[in-house]
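Presented sequentially are two complexes of chain A, the first with chain B as partner and the second with chain C.
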Partner chain A sequence: MAKMLFLPLLILLLFLFECESFSAENPTDRRLLVLVDDLAIRSSHSLYFKFLESRGYVLEFRLADDPKLALQRYGHYLYDGLVIFSPSVQRFGGSLDQAAVLDFVDAGHDLILAADSYASDLIRGIASECGVDFDEDPDAVVIDHVGYAVSEIDGEHTLIAADDFIQSDVILGEKKIEAPVLFRGIGHSVNPASTLVLKVLSASPSAYSASPKTKLSTPSITGSTIALVSVVQARNNARMLISGSLDLFSNRHEKSGNEQFVTEISKWVFHERGHLKAVNVTHHRVAELAEPAMYRINDDLEYSIEIYEWSGSSWKPYVADDVQVQFYMMSPYVLKSLSTDLKGLYFTSFKVPDVYGVFQFKVEYQRLGYTSLSLSKQIPVRPFRHNEYERFIPAAFPYYGASFSTMAGFFIFTIVYLYNK
Partner chain B sequence: MAKSTSSDVLTLIRSLRSAYAATPTNLKVVYMGIVGSFPFNSFLSGVLSCVGTAVLAVCLRIQVNKENKEFKDLPPERAFADFVLCNLVLHLVIMNFLG
Partner chain C sequence: MHSLFQFFRIIDLAGMSRYRWILALLAIFYSSLSICTASIVRPISESHRSAALELFVPVDESFGSLENTYEALRTLEILGLEKTYDISRATCKAVLETLGSSPSITKDLFYALKVNGILKCQIEAINFEGIASNMLAVLKNANSLPDFYYSIGSLLLIKKHGFEVILPDSDGAFHSIKALSQSDGRWRYDSNGAESSTYAAGMALEALAGIVFLADSEVDQSMIGVVKNDIVKLFDIIKSYNDGTLYFNDKYVHSSDYKSPLEISAAVVRGVTSFAEVSSGKLNIPGNKILGLAKFFLSIGVPGSSKDLFHQIESLSCLENNRIYIPLVISLPGTVLSLTSRDQLKVDVTTVFGAAAPPLSVKLVQAFNSNSEGKPIIENQELHFDKENSIHYLDIASLKMDVGKYKLIFEVSLHNLEDESKYATGGLTSFSAFFTGSIKIDKGELAILNSDGGSAETIEKLDLSKDSFLSLSANHLQKFRLSFQLTTPLGHTFKPHQVFLKLRHETKVEHLFVIDSSARQYKLILDFLGLVEKFYYLSGKYDIELTVGDATMENSFLRTLGFVELDLPEPPEKAAQPPPQPADPYLRYGPKQEISHIFRAPEKRPPKELSLAFLALTFLPLIGFIIGLTKLGVNLKLFPSSPGPAAFSILFHAGIAAVLLLYGLFWLKLDLFTALKALCFLGPFLVFVGHRTLSHLASTSAKLKSS
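Up next is the complex of A and B:
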């Protein structure tokens, strides 16, 4: 009897669990897998993990070389996000490897990757697949003899104070990060041609990346081209955070901006901010309500769309003045900014161009830190029917007159010719 | 004398007719220069009706002229019937093309 009761309860629990996971309607991650080198990180970084748990995430800690590691079972992913806090791991346990991690991201899931001064080739490989290249010299760390942390006056100046943040409220939160971030780790460079990678935290112009032990030759990356923390938003809106320091997330640096920085950026990575959705795309002729299957050239039409932003718990209206719609056939014939009612509705009206063919309504909205919106809706435009033209054109009246007067002239001439014989 | 007078009248009317048919052509070209070529079919039919009528009238005049030896075998009645038929065909086309 007890067994029979237990089974439906289990199914119900599983069902509830499924409902809470990542979906289009509820884009915040829920289940996170945290891979660590040793479980001591759990206590040395406890503030960060406590923050994640307080935001409602379910954390599962595993050793990175655990032989039972698996991201998916029966084709379903078991986790919504992956946190790799194991910079020295040479090879993951179980079925997990570099390709599995990248497949996980390709499936739209999020990733936090922290390297450190002893980052393994595996970690470097994952990072370089994401468009981030760590300094190739295995001994190199970021050194700054000007902007180092005050607590470390003597020594090698490898604990640097960085405050060159990306200017984006959506990535780093509306509140300004008060104190500089203390960073001890390796630097990386991002490909300037890549539009998907963003440097969130850059080093100061006086920094360089080199080994503190050996005599300094020419450093491979210097100054503000050194990225300390970068984010990637893939084309499928999966987000990745790549940090050159695991120490950044630890409890150690109390009097610094570290905690605010990592919590704000984690909110962004796990889709608590900057996730847009567009719904209710409608268009119709002016003074009509139904959506036509086809427009005629020179019709006046109205177009509207609703855009909402995910706030972590509910969809809030998204307010901006730079959303544009294109009326597009090979190239945009009409490009109009949409006006908004500040409640998420964006609308405009315009005249269909004097060209017929198969057009598209297109909204391509890509803004720093926001997920990209890319909508298109196909609509044919036909020319006038033969009975929709004007019967008589005023500009042609002289031509009509000329033709008819020659006919009358012909008639008169015929009569005169016949009766003059 | 009377015969010659009526012949003169005929010649005069014919010349007037040719002149009338040719004049609006120039006027229309000027008008199109001002208004633009929008109803281009109407413009073409207007011009062609004038040009066509002028050409046919000239042809009739050549054929009925007694001094013209080339057409001495052609009776003037036949020439006039040709003229009327051609005009009918021309104006049928013009009406269709006028828009």
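Up next is the complex of A and C:
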């Protein structure tokens, strides 16, 4: 009997737990799976993990080759985010593999992937599926003989000081990162055709990617084209962070910008910033309130939309001056910037063009680092009805005058013609 | 500054499972040489103290549970920071509470006693006899290792508080703990088929040491000998990273009771050192293994968690004063030595806590150039000893070594023979060091050559110590030549790792050329004729950038040299297109240009006045007609005089007027259907009254004619 009671209770609990997780209304991730090569990373990177825990994330540490690994059970994902801090793993344990990781991302979940020198083919494979190609030479690391971290005990110049950040408050936070980021790891290049990948941290022009141990042949990537840390925002708004260094997240580099850099960018990756939602899309004729089923050409209409940004705990009004609406039929007929009341409401008014057909109100809002908003609402536009044209055109008055005077003449003529003697 | 760049080897090395076989090979290779390779480990320093103060912060005069309190107090005590916080009031209360409630859990009791050992709360208030007899009862019924461990530990602590504790059946307890040991030196937690673990071995050894200490009579020496043998076996399963650090780990990891290598190694060190303390004679453990363990603890650097810090500091303090071997750590304060600022090659030999080592001397046995291994450059150079800073040093200027990366092998020899059996130095220790210097760059020259035999079109001298802004021009039949010379401070040719020339077109298409050295100078000749295809036939301005850099070159540089205006032939039809350049993300996301619809212009109309004027004109004929009628003198004499026909006539004309009015209304507001409906009624009416009127008029006129 006790068992029978226990089971529904468990299901209820599980259900409650499920409710707390990732959703469109509450986009911040909650449960993170951290895959490591060696659980010692827990202590060597403890500041980073502590930061994540302090932001309310529940971390589950597992060895990357743990045979019981699984991302989903009965079709439900068990985690909202995946942190892969296991650069050397050749094969994941359990049911996890490259395809499972990519499916996880395709389902809208977030991923942090840290590689390192000796990154395995598996890690490289996942990265290249995300549009990031690590230097193929397995011994190559990023070297910079000009912009390196001065150290009395490290002479290879592989710990480089990088400060070429992407200029984006939403990705890296409003506070400027003053100290350079100390980076020791491998570089990658970003496919120039990809619009989803952004280089967040690039190497300086004097850097190159090569093995410090062997004589140099032509390096595959040099200078600012070397990306050290990149982010990807997929079309489903899943976010990925790909770093060529695991050491970047460690406790070791105290006086550098590393801590600020990784914490700020993690906030972004886990949707604490830059996640937008649009609600209450309304449009109506000027001086009316109800939304019509159809507009007539040359109508004056008002359009409004509310946009909010997720702040990690609540939806805050989003403030910008570059939200635009399109009145669109095959190509935009009207494209107008919306004015805002700084409380999340964006509005504008314009005249319906004198072309009839099936139009759309389109808001395509894509900004660096923000999730993209793509809304469209269909609305037909009809021409004038026969009785909606202008009725008394002054230019036609002579014609009217002529007919009516003829009619008056006819009337008089009938009387005169019949009764005159 | 050191702490900032302190090595944290675990991360680098943990990720190397793939290369384990290489490591194994390396390990064999190095063990055959018996040279301990270098990870730079440093003794416990100020950064540990500041980390401890950051990690152990009491909340409301308490560090939390008694176990955490003990860890905090013990760490702070070892680091000499015990006076930092005064938490005795709240903590002592918790200690007395725990000790007062006699049937409490042994583990809590154990930690309460440990905390009390440090804080020295009111001893009078504690019923030690009661606790001791309780513990003896627990010990008697104990069958799992933790029970043994905590009860013996508590008894030991009570004894240390100054109360007599007599262990009645020490041999029995010893045997029952020993019964849990495994053939490979590890222990099981209990006899019910638990897996054997290294962590348990550490606990067991500590418990056994406690029994030996507490025993009323001498414990059987043969049993101690067996345990000593177990310890040796335990040290056979020690694991190693490739930099010579050694650690213990357990194979089977369940995430629930997972113990990190640090925790396991710490437990073993505690157990082994305390057992060594109570057993007579020396444990047969090689000094290298003790040193390797010490290096493992130190290589962690400054841990980020309080637990890790406790384990690190406590096990190092166990190693600092143990009876087996006291590890001496050789470290180089700096491995990047500048020839320009005449740095000294310094070697520091200390204990793990940075205390001075016994008198010894350090010898630089050999120094190799890493690039050309084989013949050592220096052999058997004794280091000087600076008594004031207790540091061994060597002036590198006197070594006549050029810039480069070297492998230095040091040997430590103790002055007193009796120290040899007390301290572990690890024999030969090798480090790699960088000797950096300023490289002289001269004979820089940039020329554009004509293809015929190489007569020079333009030659420009280059000063590569600063940016220059040359402007050159060339066509595809000419050649480009860049040459310069690099010499080390000792006058040898220097071959840096990175010598790149970059040509960047206006469209950001880059071409990279690695410059090779020939003889004594670096020379690059670009024959544009052979390169047109590679350059995608892109004529125009190319920026020239030269990068020279090396790990040992202090003045590595990236210089812009100016630009060359290239005149290349037109591309043939099938020429390759230049690769696409990444779009600027800032431009890609900007707002779009606004679009507003252009409405159709309304038709042109005459001005209103003109229409009105013509309207007036249209009424003129009507007015003329009316005037004409009055001039003609029309009359209405034929209008019927009798009332019947007169009524019909009036109705007939009213009907006509109504039809005309309907026209007017139709124009003003009616639509066609309403107008036609009204006409349906008006029409027959008009026909009827019209017929009556007209027939009356016709009959009247017929009468007139006939009359």
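The working rule: the second predicted complex is superposed on the first by the 375 of 421 C-alpha atoms of A that agree within 3 Å, B and C clash if a C-alpha of one lies under 4 Å from a C-alpha of the other, contacts with A are read in each partner's own complex, and residues count from 1 in each chain.
Following the convention adopted for this analysis, a contact is a pair of C-beta atoms (placed from the backbone, for glycine too) under 8 Å apart; a residue touches a chain by one contact, two chains touch by 3 or more.
Bear in mind the structure is a predicted one, so any value in this text is a computation, not a measurement.
Chemist: For A:218 in the superposed arrangement: first (chain B), second (chain C), both or neither?
Modeler: second
Chemist: Just to be sure I read the superposition right, which of the two partners does A:42 touch: chain B = first, chain C = second, or both, or neither?
Modeler: Second partner only, chain C.
Chemist: By the touch definition at the top of the document, which applies to A:384: first (chain B), second (chain C), both, or neither?
Modeler: neither
Chemist: For A:118, select first, second, both or neither according to whether it touches chain B, chain C, the two together, or no partner.
Modeler: second
Chemist: Chain B or chain C: which reaches more residues on chain A?
Modeler: C
Chemist: Once the two structures are fitted together, what part of chain A is touched by chain B and by chain C alike?
Modeler: Chain A residues touching both partners: 393, 395-396, 398, 400, 402-403, 405-407, 409-410, 413-414, 416, 420-421.
Chemist: Spell out the residues on chain C that touch chain A in their complex, using ranges where they run on.
Modeler: That would be residues 1-8, 10-12, 14-19, 40, 253, 255, 258, 260-262, 300-305, 308, 332-336, 405, 433-434, 436, 496-498, 500, 502, 510, 512, 514, 545, 547, 549-553, 556-558, 579-583, 585-586, 588-597, 599-600, 605-606, 608, 611-612, 614-619, 621-622, 625-626, 629, 634-639, 649, 653, 656-657, 660, 663-664, 667, 671, 693, 697 of chain C.
Chemist: Mind listing the chain A positions that touch chain C in their complex?
Modeler: Spelled out, the residues of chain A in touch with chain C are 37-47, 50, 61-63, 66, 86-88, 90, 116, 118, 120, 143-146, 149, 151-157, 159, 166-167, 190, 192-193, 195, 198, 205-206, 208, 210, 212, 215-219, 222-223, 225, 246-247, 250-256, 298, 322, 324, 326-327, 332-337, 350-351, 353-355, 366-368, 387, 393-398, 400-416, 418-421.
Chemist: In the complex formed with chain B, which residues of chain A make contact?
Modeler: Interface residues on the chain A side: 393, 395-396, 398-400, 402-403, 405-407, 409-410, 413-414, 416-417, 420-421.
Chemist: Where on chain B does chain A make contact in their complex?
Modeler: So the residues of chain B touching chain A come out as 6, 9-10, 13, 17, 20-21, 24, 27-28, 31, 35-36, 38-39, 42-43, 45-47, 49-50, 53, 57, 80, 84, 87, 91, 94-95, 98-99.
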